[in-house]
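Input: a single structure, listed below in structure tokens.
To keep things simple, chains are lettered A, B, C, D and E as they appear, and every chain counts its residues starting from 1.
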Amino acid sequence: MRMGRVIGNVWATRKEDGLSGLKLLIVQPIDAHGNSIQSHMVAADRIGAGVGDEVLITSGGSSRFILPKENPIPIDAVIIGIIDSTEVKRGDIHESSDRND
Amino acid sequence: MRMGRVIGNVWATRKEDGLSGLKLLIVQPIDAHGNSIQSHMVAADRIGAGVGDEVLITSGGSSRFILPKENPIPIDAVIIGIIDSTEVKRGDIHESSDRND
Amino acid sequence: MRMGRVIGNVWATRKEDGLSGLKLLIVQPIDAHGNSIQSHMVAADRIGAGVGDEVLITSGGSSRFILPKENPIPIDAVIIGIIDSTEVKRGDIHESSDRND
Amino acid sequence: MRMGRVIGNVWATRKEDGLSGLKLLIVQPIDAHGNSIQSHMVAADRIGAGVGDEVLITSGGSSRFILPKENPIPIDAVIIGIIDSTEVKRGDIHESSDRND
Amino acid sequence: MRMGRVIGNVWATRKEDGLSGLKLLIVQPIDAHGNSIQSHMVAADRIGAGVGDEVLITSGGSSRFILPKENPIPIDAVIIGIIDSTEVKRGDIHESSDRND
């Protein structure tokens, strides 16, 4: 999974069947220290993430398993969690942070 | 998903079975501000996107689920939506834009 | 899908079952203007592509669906079409080209 | 698979169903000589890896097969092994190392 | 598929079920001319590749189909062939090479 920060919304009226009602968020991927890495991506969200939240994103074929496998939908990224906190070792220093308070 | 701008068409007469009649568009990936990122890609389109449109693209194995799973086809990118508008937070500024008017 | 130019062949006698008889071509990925991008890759071919042809390539899990899903094989790239022509918008100019004449 | 070094933990209370109880570790990808490469990633762990361990990571759709295929979950990276040792040829020199003692 | 050169071995005692007995090799990806590209990766091997061999590697979800689909395992890279020879067109020159003699 990747970490990311939700930075916006995207709307599309004309779309493939099966995507109606699915919320789509624009996400800036970040590393464990909160620095921006890579390009913006768009991820589906069913757990109520909002702009400013730090989140966990699953990419690729596994992302469609937020829905029963009998109804596969053509998405390739989904927010699977809203990050509460991280703890990262940097050399000999442990750095804890609460991410979405 | 990635955002992209449709920049052209590609035609192929000799192709794998199952791809007959599938429209193929050349897409320039873009970030949330409309800047070009990464290399051109080719995506299948069933929703009527055209040159100049900003679109949402699903890549990888999930893209074949625009068709019933009983008939998998060998494609790895599909246009799943035509972007109407985006709203992106930049520092403390919110930036709204209508993309395909 | 990606566009590419076939630049060579690769042969392997010792290989995984299920790959016998599958033609393997070396491909240089290209952008819509024919410029080389990214590294060489190897793709399976069943439609008769040859050195010099410009082709469409499907990567990842979808590529195995050139064969019935009852017989999945461990390949991750396949040539799905031989490009006849492209039309690309560059600023306000439309650029057409016949690719494999 | 990729090699990586576990550098931290990440916690998320609000998450997709099916992910409850799954331990999530932050991993720094490394090359065969232990040098950091690429960006941080987050991987699920069921085998008891801890901060400082060097591990093997499977990415993409295959990672969900740590669980029976009847219960697919939306994850895209999993720690599949804790590295004991590696042996790498560098020019004409063989370099052995015990990684997690 | 990618081409690569086997440069070493990696051992892991503690690992996910289903991976017991699977040989894991460290591979340096190469282009068609034998130049190193990208970072080291780890691939499963069932066909007897060894250090120094040039090989073909399948990545992603398809790699698990070296085993029957009833028993999916969490791997994302597998050696599917040992390269005998390649023939690459460079401008107007054809370059043949025997790779593993």
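In the analysis below, a residue touches a chain if its C-beta (ideal position, glycine included) is under 8 Å from a C-beta of that chain, and two chains touch if they have at least 3 such contacts.
The shown structure was predicted, so the numbers you read here are calculated from the model rather than taken from an experiment.
Undergrad: Tell me the angle, as a multiple of 5 degrees, of the rotation that maps subunit A onto subunit E over the C-alpha atoms.
TA: That rotation is 145 degrees, given to the nearest 5.
Undergrad: Which is it for copies subunit A and subunit D: same residues on both faces, with over half shared, or different residues?
TA: Comparing the two copies, subunit A and subunit D contact each other through largely different residue numbers, since under half are shared.
Undergrad: At what distance in angstrom does the C-alpha mean of subunit B lie from that of subunit A?
TA: 20
Undergrad: Just how far, in Å, is the C-alpha centre of subunit E from the one of subunit B?
TA: 32
Undergrad: Which parts of subunit E, given as residue numbers and ranges, touch two or more other chains?
TA: In subunit E, the residues touching two or more other chains are 60-61, 63-64.
Undergrad: Which residues, counting only subunit A, touch subunit D once they are in their complex?
TA: The contact residues of subunit A facing subunit D are 1-3, 29, 31-32, 37-38, 46-48, 56, 58-66, 69, 78, 80-90.
Undergrad: Using the touch definition from the top, list the residues of subunit D that touch subunit A in their complex.
TA: So the residues of subunit D in touch with subunit A come to 7-16, 18-19, 24, 26, 39-44, 51-52, 60-61, 63-64, 72-77.
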